[in-house]
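Chain IDs A, B and C follow the sequence of writing; residue 1 opens each chain.
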Amino acid sequence: MSALTIRNVKKSFGNTHILKGINLSIEAGRFLTLVGPSGCGKSTLLNIIAGLESPSSGEILIGDRNVNQLSPKDRDIAMVFQSYALYPNMNVRKNILFGLEIRKVPKAEQAAIVDRIARMLQIENLLDRKPAQLSGGQRQRVAMGRALARDPKLFLFDEPLSNLDAKLRVSMRAEIKQLHQRLKTTIVYVTHDQIEAMTLGDYIAVLNNGEVQQFGTPDAIYNDPANRFVADFIGSPPMNFIPCEVVGSSSQGFGVKMTHEGGDFVLEASGDLKPWLGKHVVLGIRPEQITHVVTSRLDERGVSGHACPVHLCEPTGPDTLVTTSINQTKVLARVRPDTAGTPGQSMDLMFDMNKAVFFDPTTGERLRFQLLKAA
Amino acid sequence: MSKSEPLKIDAVIDLPDNNPKDTANHPATQARTEVAKRGRRGTLELWLPKLVVAPSFLLSLVFVYGFILWTGYLSFTKSRLLPKYDWAGFIQYQKLWASERWWVACQNLLLFGGLFILICLALGVLIAVLLDQRIRIEGTLRTIYLYPMALSFIVTGTAWKWMLTPGLGLEKLMHEWGWTGFTFDWLVNPDMAIYTIVIAGVWQSTGFVVALFLAGLRGIDDAIIKAARVDGAGTWRIYTRIIIPSLRPVFFSTFMILGHIAVKSFDLVMALTGGGPGYSTDLPATFMYTYAFTRGQIGLGSASAMVMLGGVLGIVLPYLYSELRGKNHG
Amino acid sequence: MVESMPGVKQRPLMRAVVYVPLILTAIYFLLPLIVMLLTSVKTMDEIRAGNLLSLPATLTFEPWAKAWDKMGGTFTNSFMIVVPAVAISTAVGAFNGFVLTKWRFRGSELLFGMLLVGCFIPFQVILLPMARTLGLLGLAGTTGGLILVHVIYGLAFTTLFFRNFYVAVPDELVKAARIDGAGFFTIFWRIILPLSGPIIVVSVIWQFTQIWNDFLFGVVYSSGETQPITVALNNLVNTSTGVKEYNVDMAAALLAALPTLVVYILAGKHFVAGLTAGAVKG
């Protein structure tokens, strides 16, 4: 059964269209992340789910109930906010209990719940403190505790980790994921951080300009992006986009023509690019698909090595990012540190076209085609 | 695959564990009855905030805007001791601008307002800057500058009236201290009496300016000053070129507040000079009061009130407009 | 602040340049209070014989007793007006500010702008209709009438204070409380009001001093029985009949100043901090 259904939800203020018809649906127990750049409408969508804003049109169903007309308190939801929104005048215990108190949960039950939550989140020793006396990470835990206390049908997270420092963010991320695995709650999680979206979500909805660009599993979003926006937004460093022309390749297949200071070469595509033969397309290839040359792999289909000029080397530790230039476009490769070339000279880079994708140069839409059968 | 067509739901269906076509058979009717049940409460919730501000809205509508219109109407009648509602055109305004006393009141307002604002600002900024120099007794001094703010203009007027009484007050003090030639008769001198109001007004309101500017000075980003210091600027230059210019909004607010105090000044004049000698220290506010309430000239009083309103709104509305706009953008 | 920079020597001459004007101006500000105090404990004979700053040879509290005799009733009148008017206008201002920041609706900004104009109009423009209206309501010359007037024309300021304060309270707090199931009033009582201490202080002090110190409304709308103290003081000082008793005038003036001075000395710090926060931001 689906725990949350969003059906053709639109939101506009006058002529400003914040959401342009959103359709999403997840089953109970799943973790959905809404990701997109700021201003894409993801927080508005979350507020609409919560009932804090109302949609201009469309329906929200929680469980099988249409909640459009219900106020937030009647929607059986809990929410964790970016700023934590802990009530500053109440101590941690009161913060956690506030919602239960309003709902007139019996005192004994309240105490039991606080105990359970505090143990689960390891905040037993903080119960009598005021929010001002807590660190960022502790506040984050309390905010989650407050949401968990009521055991609602649906949890909403609004960029809950954005205010934490980088290290804490990573550990809290893992904790949230663990918590979800243990409690099997249904979660909608808004973030602008694509890594958070990838690591946490069972499903990801990538939003931009008030529209869902793609909705799918992290794997689908990463490896099978619907359009250039999604391909660009997900992944760090982002995918390389190289404008190029489709040509026939040596082995009856098709390829794309690459040009740089050192000359031309053709990258063989794994698919049937016949409809675009002679036309211009955009090749999308992730940095990790352009690596140092591994001789044993050069025989594989779609894998080839080419000498490329090195413009810049950025060591990240585990590997080094090498910048080169192809078709007058900056192209990033991810190579083993000891193989990285010297700026100003050239090095051999191995292109693996098996996961490469192609986009329409004007619309940015993904070009779909049949895979060619192995020769 | 294009943007967000219903296709996306199908995308879910492709995934494992999903119940296909779940969306098709929703018990929508059931949901709707529930909505209806909660509808009334939801509506109340929606209306409650508006209900709460409604009384203020109505009060403002009637007692501010309605009354302005009422006064405006009265200013076009021949009302004297009792209001009459027969339209009489601009007769009261003609009378007003033909009145020597009204002209004196307006000139006094310009003179008093101008000096009052100028001296308060100059003195206030000076004191604020000096107080900002890590003064050991800053707390005590601040209290001393600020306490007149707590007083009524009537009290201020009473105190200064006593001190400026010729023959008994300051004059006598100076004589006893050996300056026997000292005369100070401004209070009873029609040409100079308006300046006594400036003196008392400045005494009362400068503390406010000090407080505003001190807060402004303390609110300036230290980094800017450090940067200027690194660039080689000296203290004087830092104040004149960086700090004071960056307090522009404070200047603006202060100017508005002081101007407003000046226009409204009524109590101070009443207590200090009563508008006299003669009507040499009349301000529009006392003029209006005199004509409307002691001379039984309601029409003329209303006309003078409307002119005052026009003057104030001419200054304030652009300010309010920019203020509200600024807040919306911020 | 600037002096604290390293490399700037604190020369004695510079210190003098800073301290001398400060102390001179402080004297200017203190002088009237000292004069009032001294005058109020001297006999009229001594006043005629000495000068403003001469110390009293014999302390007399006769003038204070006389002043209380004449003004004690109006002192109480002022309290009867001030306390309810401050309480009501502050409470309503708090609700208004809460709605205008946390429950915005179409037109709420306009409403705020509309209310704000009330801060700036010269009250002369509403004096006559108000007098007529109070008469019609049967409130002319009553304490209730004055309370009403002060509440109505104080609302703009209290609303402004609370609105500017609540703007800085995160909206998410209200959202969280709504999801927790709290309604309009619960959120106000349980979440917002406990945070409002500083601004309540500002609003109460402002309204208290404004209303206590008011003269215009008092002189126009009160009758002999309900006269606030400022009006009584003005009458006392500006009567041309009888011998002028400056010592009684000063004692009466101090009496009229006492409550606001006490409030200012006790809580002035918070007031200035709260008030300037808004004004400087603007």
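Just so it is clear, a residue touches a chain if its C-beta (ideal position, glycine included) is under 8 Å from a C-beta of that chain, and two chains touch if they have at least 3 such contacts.
Everything quoted here is computed from the prediction, not taken from an experiment.
Asks: Point out which chain occupies the most central position, where each centre is the mean of Cα atoms.
Replies: The most central chain here turns out to be B.
Asks: Would you kindly say which chain has the C-alpha centre located farthest from the C-alpha centre of subunit B?
Replies: Result for the farthest chain: A.
Asks: Report, in whole Å, the distance between the mean C-alpha point of subunit A and the mean C-alpha point of subunit C.
Replies: 56
Asks: Could you tell me the distance, in whole angstrom, between the mean C-alpha positions of subunit B and subunit C?
Replies: It comes to 14 Å between the two C-alpha centres.
Asks: At what distance in angstrom does the C-alpha mean of subunit B lie from that of subunit A?
Replies: Here subunit A and subunit B have centroids separated by 51 Å.
Asks: Among all residues of subunit C, which ones touch two or more of the remaining chains?
Replies: 183
Asks: Which residue numbers or ranges of subunit B touch two or more of the other chains?
Replies: 45
Asks: By residue number and range, which residues of subunit A touch two or more other chains?
Replies: In subunit A, 71 touch at least two other chains.
Asks: Name, in rising order, each residue of subunit C that touches subunit A in their complex.
Replies: 170, 172-173, 175-183, 186, 190-191, 194-195
Asks: Show which residues of subunit A lie in contact with subunit C when the two form their complex.
Replies: Listed in rising order, the residues of subunit A that touch subunit C are 47, 50-52, 71-73, 77-79, 81-83, 85-89, 98-99, 102-103, 146, 150.
Asks: In the complex of these two chains, what residues of subunit B are touching subunit C?
Replies: So the residues of subunit B in touch with subunit C come to 45, 48-50, 52-53, 55-57, 59-61, 63-68, 70-71, 74, 83, 123, 126-127, 130-135, 141, 143-163, 165, 168-170, 172-173, 176-177, 203, 206-207, 211-212, 214-220, 222, 225-226, 229, 235, 238-239, 243, 249-250, 252-253, 257, 260, 263-264, 266-267, 270-271, 274, 284-285, 288-289, 292-293, 298, 301-302, 304-306, 308-309, 312-313, 316, 320, 323-324, 327-328.
Asks: Taking the touch rule as given, give the residues of subunit C at its contact with subunit B in the complex, in rising order.
Replies: By the definition above, subunit C touches subunit B via 1-5, 8, 18-19, 21-22, 25-26, 28-33, 35-36, 39, 47-48, 51-54, 92, 95-96, 98-100, 103, 105, 108-109, 111-118, 120-130, 132-133, 152-153, 155-156, 159, 167, 183-184, 209, 212-216, 219-220, 230, 233-234, 237-238, 246, 249-250, 252-254, 256-257, 260-261, 263-265, 268, 272-273, 275-277, 279-280, 282.
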